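What follows is subunit A paired twice: with subunit B in the first complex and subunit C in the second.
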Partner chain A sequence: MKRLQLQRWSSSVLSAQARTGGRLQHRLYNGIRHQSTASPAAPTANDQLIEEEPLAPSIHPPNSRQSKYQLPSPPVEAARESAKLAALHARLYLPSRLPLETLARSLVDASADPNPKFNNESLATLGHDLLTHYTSEYLICTYPRLPLTVIFAAMYAYVGPKTLAAMAREWGVESAAAPGGEVDPGYLQFKRIPPGADLKPVTGTARPHEDQAHWRKSITSSVVYDNEFGDPVKGPKNPSEQSKQDAQNIKGVTAEQANATFVRAVMGAIYLHAGRPAAKRFFEQHFLSRHLNISDLFNFSQPARDLSRLCARENFEQPVARIISETGRKSRHPVFVVGIYSGQDKLGEGAGASLLEARSRAAVAALKGWYLYSPLNVRVPSSMEEEGAAPWKPVHVDLGEVIV
Partner chain B sequence: MRPSLRLLNLEVQGSRALYVCSVCRQEARPRPIVARQFLRHASSNADSLSERVRRKIWGTDNPPGLKDPYGESLLEKRFGKPKPQQQEESQVEETDELAESSDGLEPGVSYEPATSWHGLERVGHLGGWSDAPPSEADTYGSFGPKKKLYKKGPLSLAAHQAAVEISLMHALNKPLTNVCNVVEHDKSVFKMIWQTKILPNSTNWGEALEYRNENAKKSLFYIFEQIGSAQPETAKPADENAEVEEFEDFEEFEDPSGAASKQAFFGYQDARFKGFLTLPLTDPATKFAFLKRFSQLSGHFFPDNIVSQISTVKQAVDYIQGQLHPKPKKLAEHLENNKRLQAMPNIKIFSKRQTTLHRDDEMGRRKIIESELRARGLLE
Partner chain C sequence: MANCLTAPRRPLLALPFLLPSPYECVALGLRRNQSSYRRTKQRLRVKPDASFGSSLSHPQEDHIIYNPPSSAPSVYHTPAKFLPSDDIRRNLRAASVNGNNAESLPPAVRATTEKKYHLNPSDIREIRRLRATDPMTWSRLKLAKRFDCSPTFIALVCEASPQKKEIQKRVLEAVQSRWGSKRRMAREDRQLRKEAWGRDQ
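Right, the complex of A and B next:
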């Protein structure tokens, strides 16, 4: 497998004059998962907006104090003079091939500078795709039997916006009060939502019968209609309409969203400038290294029933709960230890103050033992991208959860 | 009267033997009866009570020890006249010695005290000094130039000139520091000096020079022969210039007191040959002569510790150039010149104090504040 020539890409990211035709489309379909068979509207040459983009902000006037105030985001030259930016670069131990200018660009949110040549939207799109790709393959290969809800929750915990915002805060990224050309490029710049504005839930999704709020939403449908975390997401629109709307009212974003976009953009920038190995290393060091106890993410409503269905599906013997030990049955605080057996095999064990509680705890333990199975020597599919990788052996991915 | 003077006033009061404390002598306070015990009339007389007791104790009329064990203070010893009794004794014993030592005169010089002021040397003035015409001692000629040299070219010119002159003095075997008698040479002489080359890496000052031609060598030797043999007081630059004019006819002659002399080194910008930089200054006499002449020409002073450190001409020139570019006084300037800090991208040095206003501006808060103030009419 030949490695991609990344330098060509990165030059187009860096230079303001470069056309961002391909990436602009990404920007317009930001957040849409393309795994569904329904492909979004194919971009045509007429829909491309690069020609219509006003050229005025792309050519920054010479450095003067007055003109700086008129810019929507700091000029490119300011990146070299910012001590904050250099400190952030050094603090994150970013590769030296990632220039300060790109790091400065990744700190400019689309709400601050709508020009796609200067904001971080394209970088964030790439970074988001990389992050979700790496996280999902890690989760599925490490825990092949996880239920989909747990996968959604784990994805959210690893690369969700809250986590990314917390990471940006841990990295010491401060946000500017308001974006502008005079702002130090080391600050995260975004247009804030005015105080008191209510955050409306996402509307205009691709899900049919969206207005029927009380209808049940199956987990399987969120694979198709929702985003990586199972949250509703805006459906695809005609790009020209959307851009018109964007240009008319650039709403602010929350600090959490802006911080998350920044972290994604950093990931994309590393991928573009330093290559895939560096991006993977960055992902392992900053994302996978965060400890997540997946067994806490489970939430069973009827574990005993789930377990019996599971045993039926897997052709095990029907599970039987047996008391292993008990103490103080007549007292105020009795303790029962119940084991669940399938034939001669003990599937799980639990202790509780009543027999029912102990049985359901034992069933939960048995279910977790099943779902949290993890093979040894986990390999992810993206490891095959490296040169000289060992031949691929298909990993075991289970049927998934029990559908009752 | 100050207390110290009051003490010194003792001798005016006459008899030293009858010591009276200064308070009592001034009679500043009413003297109580008890104060009489401080009067020591009794102790100083030969047949005083203490003397009588001493005689009785020792059993002789001439008891050993001081005549008055309490009487002579240190001040009296120092400033007081010798007592008449002692004088009598010394006159009896050693008259000659005393005469010599008390006068403090050299033997053979007779001292006659003056009775009137006629014939005495006049010191100071008796008023009306401003009417007196200025004497020769009143005119002040500075040792160095009026203006210090600040540029690199004139400094090396001065160093070159000083080196050539000291080398000439070495070659002629004349006293080295005599070159300082002529503050400024004539233009023709200066041009000859300027054209004289100092061989680089030469260690001997006397053989370091390479003259432009024989004529120049002869004339330079003639001039510096005279400068070297002249006494410091008698050597006058004007005379030298006149002699030079007679001796050598050079192309153009400009009045040294005219426009050309206002310009340092007659408009020459830089030394032609840089061989003088390597000349050693290990010999103390040469070093002193060179630094003296160099500081006279350049106007810069060499402190003693620097003089002891200097071992070549280059170090002397470098020192002055280092003086001209001193350390900056502000910390920010100092840090801005620090190349290590400059190379660090995560350090930013501001020449001015950063205030809240700067921070607001940097964070983009300032324009919001200003717009709000404008909206309320609090800002123009």
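Right, the complex of A and C next:
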């Protein structure tokens, strides 16, 4: 109830630029956006708030010292007084159009303040969509032949929760011991999950026959039912079940989840306040600049067979393993260098202590050479959003991975 | 002991390199003798190689020598055969390695066998019948020898009966029960190493 007063009061204090709530009032019920085009249902929490409003006319305006302790998260005007927040803003080289108030809001997790107008959930939803969109288009346009499992792994490595939590740590964001109105808004505020609580696997997904744990889950079905990283995700829910989920949310989140949500919220806030080019630049400077060796993400169980199937599919000559050089065949430590040839062309080369090992490694190298093909002058679809972009040329679309 | 006594008696003039000379003081940092210069020049004298570039025919032209140390080729360097037909690198590489096609290929690891495709459906029915009636006698290897095909083809065509699989499993367990810890660990390590090949480690 007090929060209502604060909200009315803060809307008069905040500049029109700083108030993001108006544009972000559609609180999404899920972190993911499904393929349906139906807009998310309007939150019922807002209706309740409006109904409760006339019941609280006698609350004091929350500028007194005492009322700060009753707020779930720091008041909006505290953002201008926080040195930590200003330092974080400067350290990240955030655009000046992004006000400190929004940065403070992105530091408040939904478990600390359940009010969608004061927590970062809506910003994080937008930021998550932007991050996964930019990352996936970069990966698919740069390496058009990557298998789906490798794309999932690379997505997780670029914008997965573990990476985002590590980034928040690198940015020097500290978390408050407990959320509250009196806390410095420069701290990340979230309610911690009690120690020893078991993190249950996700249930209630949209996948049919979810209870059959031993059934085989195809990678292709992950595109439909799972999230961007190929992990199971909760299915769409109706608003009546939303309150249950909120009750669960109050139990607390892990530090990793809260940190990841904060980084996503910063991305969403930059997009809203500074626009698309600034958001894209922020993404390139902070996310895409992290080095990821994609060739390390592969794991082949039968490389020679896969390569043979690939050559048959692409109408190449059948691959033949040939010994390029060898040393110490009858010694304790022989080294063989084997190349895989298709006709006159060498496809891959590998060295090993036995002919079998060298041949297998050469087949792995040849398969990686196929999958890691990257066209010249890669352009992503979102580059067309810039002013004066050159006309779009279609990117290379591959047949897909080898299926044996 | 004798050294200790004689050392202070040695005149300072006998060691001229200890004396600071007016000329050397200036160029102390830049000092360079004949031998090091010759060595430097010697290192730069590399035997010309075909991999240095195509300018061997025009040695008077300025060109870049590309002579990387021998190492495994990078997987990010897509083989010319794997490039799509609309990629310009395909034509560039075809032009650069045009003369190398004549040289012979290295020897194959295993002699390649031409597939014969000589078995007809009646043969396959016979294989299935033999395997089903007497699985102990007609193993994959024996069937392959009899029908002149590979054991893999036998496995593609038919499957052993569950009883035979059970017997084989028990035989394997009996063999493995005789292994000591050393042999067991060595076998496990070998399996782990094999899995690491696929991860390129």
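In the analysis below, the second predicted complex is superposed on the first by the 342 of 404 C-alpha atoms of A that agree within 3 Å, B and C clash if a C-alpha of one lies under 4 Å from a C-alpha of the other, contacts with A are read in each partner's own complex, and residues count from 1 in each chain.
Methods note: a contact is a pair of C-beta atoms (placed from the backbone, for glycine too) under 8 Å apart; a residue touches a chain by one contact, two chains touch by 3 or more.
No experiment lies behind these values; they were computed from the predicted model shown.
After overlaying the two complexes on the shared chain, residue contacts for A:L292 are found with neither subunit B nor subunit C. In the superposed model, A:D184 lies in contact with subunit B only, and not with subunit C.
When the shared chain is aligned, subunit C comes close enough to touch A:L372, but subunit B does not.
In the overlay built on the shared chain, the residue A:V335 is in contact with neither subunit B nor subunit C. In the superposition on chain A, contact of A:E81 is made with subunit B only, not with subunit C. Number of subunit A residues touched is higher for C, counting subunit B against subunit C. In the superposed model, A:E349 makes contact with subunit C only, not with subunit B. Those residues of subunit B that touch subunit A in the shared complex are 345-348, 360-368. Taken in their complex, subunit A has these residues touching subunit B: 69, 80-84, 86-87, 89-90, 100, 176-180, 182-184, 187, 189. Subunit A contributes residues 295-296, 298-301, 303, 316, 318, 320-324, 338-339, 341-352, 355, 357, 359-361, 364-366, 368-370, 372-376, 396 to its touches with subunit C in the complex. Note for the complex: subunit C touches subunit A at residues 72-73, 75-84, 87-89, 101, 105-110, 112, 194-195, 197-200.
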